[in-house]
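Next come two complexes built around subunit A: one with subunit B, the other with subunit C.
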Partner chain A sequence: MAAPLAVVLIVAVTIRAVLFRSSLAELIAQRVEVVSPLNAWKRVVEGLALLDLGVTPYSGDVFHETPLIIYLFHFVIDYSEFVFMIADGITAVALYLAVQDYNKIVFRKQKYALEADRYPRDVLELIQTPKDMYYIPLKVALFYLLNPFTILSCVAQSTCGLNNAVIALFILCTIKGSAFLSAVFLALATYQSIYPITLFAPALLFLLQRLYIPVSLHCPRFWVQALQYGVMFLGSLVVIVCLSFFLLSSWDFIPSVYGFILSVPDLTPNIGLFWYFFAEMFEHFRLFFLCVFQINVFFYIIPLSIKLKEHPVFLMFMQIAIISIFKSYPTVGDIALYMAFLPVWSHLYRFLRNIFLVSCVLLACSALFPVLWHLWIFAGSANSNFYYAITLVFNVGQILLVSDYFYAYLRREHHMAHGLYLKRKDGSEATLVLK
Partner chain B sequence: MAACRSAVLYLSLLTLVLCLFGSLGPVATDSVEAKASQFFRSGHTNNWAVLVCTSRFWFNYRHVANTLSVYRSVKRLGIPDSHIVLMLADDMACNHRNPKPATVFSHKNMELNVYGDDVEVDYRGYEVTVENFLRVLTGRLPRSTPRSKRLLSDDRSNILIYLTGHGGNGFLKFQDSEEISNVELADAFEQMWQKRRYNELLFIIDTCQGASMYERFYSPNVMALASSQVGEDSLSHQPDLAIGVHLMDRYTFYLLEFLEDIHPASQANMNDLFKVCPSSLCVSTPGHRTDLFHRDPSSVLITDFFGSVRKVEITTEAVDLVPNVTEQEEEPTLIVMPAEPQSYVEQLPVAEIIHQKPKQKDWHPPDGFILGLWTLILLVFFKTYGIKHLKHIF
Partner chain C sequence: MGLLSDPNRRRALTSLLTRLNTPLCVLCYVAGVAWFMGLAFAPFSLRCYMSENAMGSTMVEERFSTGERALGAAREFAAQKKKAGGMPVQWLVQAMQSRGLEVYTQSFSRMLPFPDESKERYMVHGTNVYGILRAPRAPRTESLVLSAPCSPDGANNQAVGLLLALAQYFKGQVYWAKDLIFLVNEHDLIGMQAWLEGYHDVNTTGISASPLQGRGGSIQAALSLELSSDVITSLDLVLEGLNGQLPNLDLANLFHAFCQKTNILCTIQGKLQRSDWDTVSGYTHSVQTMLLMVLRQASGRSWGDHGLFLRYHIEAATLRGINSFRQYKTDITTLGKLLEGMFRKLNNLLERLHQSYFFYLMPSLSRFVSIGYYMPAFSLLVLILLLRALDLWVQLSDPSTALEDCATEGEEVSSPGLLSLLTPVLISHLTGVALYTLPVLSQHAAVQHFPVSETEAVTLTAVAIYTAGLALPHNTHRVLSGAGTERGWRVLKLLSLLYLSALLGCTALLNFSLGFILALTLVPVTAFITPHAPRLLSAGAMVLLSPAITLLLCVFLYQELQEAPVSPLEGWALFLSAISQGILDHHLYGSLLYPLVALLVFPCWLQVWNILFWK
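And now, the complex of A and B:
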């Protein structure tokens, strides 16, 4: 399977190289859907230029990257295009290996359940076969590399690509079972943008599942493992933050990076939900609504992990999707990451209800974003309401996608446990409803 | 006998008439002078009209029809195109959705085409902006603006200003992207007064909550009419099913009907205008404001604003014009002093920039940071893969 992956990588690198050399590169680098104030390339360049002039890059509202990014780009700024292409490659390879291992785990679990005769008779058509699962890792890498969103994000040189690479490596390490490395990468991802901290729960659940520790509050081994993982994560985070202090000998980066992400002062339009609301909000309500909006990202992990404690990888997928919908400055690069996972759940296709609608909505909105932007900013015959309407519809489409997969997953699990053709007590056909 | 008596009668009549005429003769010459001076003392000598439609898009057909119907009446009553500034924010006659191109109708069943053959639109499409409107009123236009786009009024001009579009409490929307407030409008009128750009001003507005636009006026000699009070909406009249949109707003529809009955010699006055659209027909309550106006509204003729009526007095007498001679002062000869040559400071030291060397990167990460970072990376590596790899390094 290495050869097809190499071919895919070469094709992806070619496409990106061609786009880098064309005149579209500057055009794409300015699109608000692709870059945000957090991860725009021109801000990185500006920050490094400020540093060369002897001024801290965090002065003013220009630069909102972490010091480790400064360190990385200080040396490779002339080869930045390669860095982003390599980052995309790393993400794709990491996802490929992760999904390969995950498929092995799924297949092994299925084999044990079949041997233990735990599946009802009529469920056999739902079981995943190795033949189906053989091409899934390649499809995952393909989906990530050739997704137009990823290509746009790479050509725009948005550091979202680096964030995606770190999260992909974290997923790889979690699925391989190495708690320490996974804690380190999670700490790196959290250090860059705060939201991946919510991925702590699915990672912990996966590691517990791997060690056959039941998830119950009475079991001491659960607490030991959880504490171990938590200490490793927090320790790495503290170490990285302290190390960043030594780069510029100041704590300036904390309000500039984390304060910026959490308090959303910059209201440039993007594909998220924050900018429009906060543009028209009264000052005395701002803190309240800020808390409400930010809680949306962090809160859903709690009920989802209670429901999906047996299925941590699906939980990870859902949480990444929730992060990229509800975060304060989303870009299309974040969307590309969770879309790469969709081939893993391709066996759920028969239970998906809204997939046509969702794909139409997402395609139409992606086409309408630049149109309405042009109408609003350049032609002057639309206004921000039009653009925000498309943002809302796009996010509703994404939420519909995620909830559709959730429904399909739960429904399949229910069928696997209780049989495909469900009967009520009196023998008539029953239907499943997601409540 | 009878012929004699009739001849005497005729002769006496003639002498009587001649005497009368004779007596009248010197009186006649006095009254010509008096009439001539009176001619110049009363009111205005020229009329202007500024007619603005502020909305675009096909479904705002009625606003363009409103403005064009007022334009039609004003032209019919005598104001020439050179004295009308017509601003239309969109082109309805040549709109793709117009089933009858080159026409704009005001009555349903296409009874009255207010577009006609000789419409001259001065500001069209995107040129109708708040800035252009205020510049037209105050006269602060760039020197390159053609005469047809200027309001070249003086202190003897009566100006009719008609605005229509979508409005709210205190503002009028221009082109869906900006608005003009009642304060700005009142200040523009005050600028006109101070620059002596009008003698009397009649301001008519047909929008929702139109009365709010004249609340803030404070310049003298301004009379204002609006189609609805604050908190009320102005409603549109009838839709035409063939064209598919509403053709006119109610207030301007009844205003047009009223004006169709006015001819240049008509003596109808402003009080009739105030009664134009009662609430029973218009649903909204039209309002007016006359407290800033110096004359009594009942003595103000409609044609003082809507028409360009010339007072013509025919006389065969000679009128003595008193010459207005002022002393021509001798202009002092200017002493021309040789000025020293002046030059601008160099904006960009181009010569220096061209020969500048590329700047070296001045900042380097501190050594402690690099040490710490790579130590950490090595530690993580060894922890994960075991200490046995250490022997490959050393």
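And now, the complex of A and C:
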């Protein structure tokens, strides 16, 4: 399996290298869909220039990346293209290995259940066979590396690619069962963009499951493990933040990065939901609605963890998707990360209801973004409402996609427990309805 | 969300949609066309009204009275032009300077990709002369432009004369809050392109021009004047710009308001407006006017010198004086008053024109159809594609049809073979790329081997590649994977349907008319083509509705609507010149019609063609 992965990597790198050399790269780097004020490359360059001049990079309101990123590029600025290509490669390989391991776990679980005769007889066709699962890791890598969204993001040198790599490594370490590394990478991802802190719950659930510790508030081993993981996470977060402080010897980055993410002062249009609302908002409602909007990212993890506590990896996928939909400065690179997971759930295909509709919506929106942007900004004939309308449709499409997968997952689990052909009490055929 | 999540209702809905698919599609098509034709009916369109407050209530008295001087200047300009054998730059500079303007010149040169036979030019050298009247009452941050083209033949002298007379008159007034720029551009659009690129200091089309020495503020609005006679019977307003862009509707409203005030007959698309909207002939008249606008907008060309301003977000229109045999004449003084009034109103603007509509069609000068009214006509046509796609999706995902396929074709069913799908798509697009690049690249080779001129070589190569595209691609999958599978063409058709609907949707947003005309012809073929249909008949229908024949039909329709019908042979000549003009417009001004058709629409049509010959 290593050879096909290598081929995919080579193809992906070739495409990126060609695009980097073409005149398109400059155009792509300016697209608001691809770069946000947080991760735009030209802002990183600006921050580096300020740093070289001996000024703190956070003076002014241009640079909003974390100190570690700027010090990383301080050393490798001449090889920045390679850094972004390597980051994409790392993400793909990490996801590949993670999914490979995850499939082994799923397979083992299925085997035990089959041996214990826990499945009803008619669900055999729902069981994932190794033949089905064999190509999934490769497909995941393929989906990530050759997704146009990832390619655009990489060619624009959006630092989103680096965040994705960190999150992918976090997923890999979690699935490999290394609590310490998982906590370190989670801390790093949180340090980069706050929102991944919500992945704490699925990671903890996964590690608990791995050690066969029940998720129960009365079980002392649960508390020990949770505390241990929490301390590791917080410890590494403190270390990283302090390291940043010592690098710059100032706390400027806290308001400039995290304040910027949470209070959304920059209303440059993007594919998210924030900019239009807060451009239209009266100033004295701002704080309230800011809380309402931001809580979306953090709140859903609670009901989802309760519902999906047996399925932490699916929970992780759901939460990454939710982050990429509801975060304050989303870009297409964020979407690419959760889309890479779609092949893992290919066995849910028969239960998906709106996949055709949703993929049409997402494709049409991707085509319409540049058109409406042109009409608004260059031709001047349309206005921001047109662009926001398409943003809304795009996000509704994403939400439908995620909820469709959620429904399909739950439905499959239900069938696995109760049999594929459900009967009503009176013996007639029953259908599952989500209301 | 009940509809999407309740399986029973979903099943009912999908079965309804699949069972009634064909009648629904036909209904949608008929409804779409009917809706479109209904737009021209007066009760269904809105009456124009001025939205911009700054131009609404300020009535002033126009005092321009030096029409004679304008005619004198025009005669002198004509004499000097004849003497110089082109633009009399020196004389113009002196004339403008003597009227108190800051005068600058800009020289430019451009080599066309191939000779333009209709305008007889290949290597173009020229000079633009412009004078700036600085605003006495405000900082120099905004400006207005009045331009007149200097044509090589005897036309447009009066426009330059009026421009000079207006400059002299405006100089004496104290109320200007915006810089006024008076521009005489040579070689119509090429000169305008050079001047605009120089003004905004960009170079997008590879024209070589000297940099501008003097600038006013950011241009808020521009009027271009075309006038070739001392008196006129009517004044025509031209709105359609490059790539189908239109100026803000308030500019048309402003023009109409002043025409009414000064009693000038005004037309749009050369058609007077009629008051008898409830009679058949009145309705046909407005349909004709609207269709002319649609055809002109769809062509993506700039129909006057104003068209290039629109790209820079500057509202602009061309006023074209028409002198026909009608008794009622208007003298040049009245025309000057009209321009004075319009400029004074534009001078009052506090922001760019943005209050009124940008997306509209005009069945007459006093009525318009806004985007909310015309989009449903287009949406109904695109809905057909989506309905068909849904139908195909249901067929493809339904296990019962899959089983049926299984019985007939064995194991091929599970995957139609990426290769057998990718090849036609790839070949279609490569043909498109060839159509886009080869005509201009291969003109010299063609001229050496065939007895044709360069222009003919370009157009004929384009036609040849287009025709060759029909013969080329539709056999490949047979070589690759034996007979084409049932599922194969269905998947290919699903792809083409979605591709076409996205393509048409984007096109219609950018240029509604083009999107609508393409939808009108491409939707029926794409929706109803199958390999099982009678081959000869469907092939004939497909060729008849292909993009090139659409263009040919549009040429005939346009001539018919202009009341200048042409014989088939002349029509063919016009068709060829339309192709060469399309290619030239793309290379000279960056018009997008030719690349759109060659790189996207034609390949999409070829994919559908491929489905027809699947077996």
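As a convention for this text, the second predicted complex is superposed on the first by the 434 of 435 C-alpha atoms of A that agree within 3 Å, B and C clash if a C-alpha of one lies under 4 Å from a C-alpha of the other, contacts with A are read in each partner's own complex, and residues count from 1 in each chain.
The working rule: a residue touches a chain if its C-beta (ideal position, glycine included) is under 8 Å from a C-beta of that chain, and two chains touch if they have at least 3 such contacts.
Fair warning: this is a prediction, and the values are worked out from it, not measured in the lab.
Student: Quick one: on subunit A, after the overlay, do subunit B and subunit C clash, or do they fit? Just give me the call.
Tutor: clash
Student: Scan A:368 for contacts with subunit B and subunit C and give back first, second, both or neither.
Tutor: second
Student: Is A:380 contacted by the first partner subunit B, the second partner subunit C, both or neither?
Tutor: After superposition on chain A, A:380 lies in contact with both partners, subunit B and subunit C.
Student: Identify which of subunit B and subunit C touches the larger number of residues of subunit A.
Tutor: Counted on subunit A, the partner with more touching residues turns out to be C.
Student: With both complexes superposed on chain A, which partner does A:54 reach: first (subunit B), second (subunit C), both or neither?
Tutor: After superposition on chain A, A:54 lies in contact with subunit B alone.
Student: Based on the superposed arrangement, let me know which partner A:71 touches: subunit B (first), subunit C (second), both, or neither?
Tutor: Touch partner of A:71: subunit B, not subunit C.
Student: Once chain A of both complexes is superposed, is A:29 in touch with subunit B (first), subunit C (second), both, or neither?
Tutor: neither
Student: Please indicate which partner A:246 is in contact with in the superposed arrangement: first for subunit B, second for subunit C, both, or neither.
Tutor: In the superposed model, A:246 contacts subunit B only, not subunit C.
Student: Examine A:126 and indicate which partner it touches, taking first as subunit B and second as subunit C; both and neither are also allowed.
Tutor: neither
Student: On the A-aligned overlay, A:106 touches which partner chain: subunit B = first, subunit C = second, or both, or neither?
Tutor: So A:106 meets neither subunit B nor subunit C here.
Student: Find the residues of subunit A that appear in the contact set with subunit B and again in the contact set with subunit C.
Tutor: 380-381.
Student: For a test of understanding, state which residues of subunit A touch subunit C in their complex under the given definition.
Tutor: Touch residues, subunit A against subunit C: 353-354, 356-357, 360, 363-364, 367-368, 371-372, 374-375, 378-382, 400, 407, 431-435.
Student: Help me check something: in the complex, which residues belonging to subunit C touch subunit A?
Tutor: 2, 4-8, 10, 245-246, 310-311, 313, 352, 354, 358-359, 386, 389-390, 393, 397, 498, 501-502, 505-506, 509-510
Student: In their shared complex, at which residues does subunit A touch subunit B?
Tutor: The touching residues are 51-54, 70-71, 74, 178, 180-181, 184, 239, 243, 246-247, 249, 380-381, 383.
Student: List the residues on subunit B that touch subunit A in their complex, please.
Tutor: 176-177, 359, 361-366, 368-369, 372-373, 376, 380, 383-384
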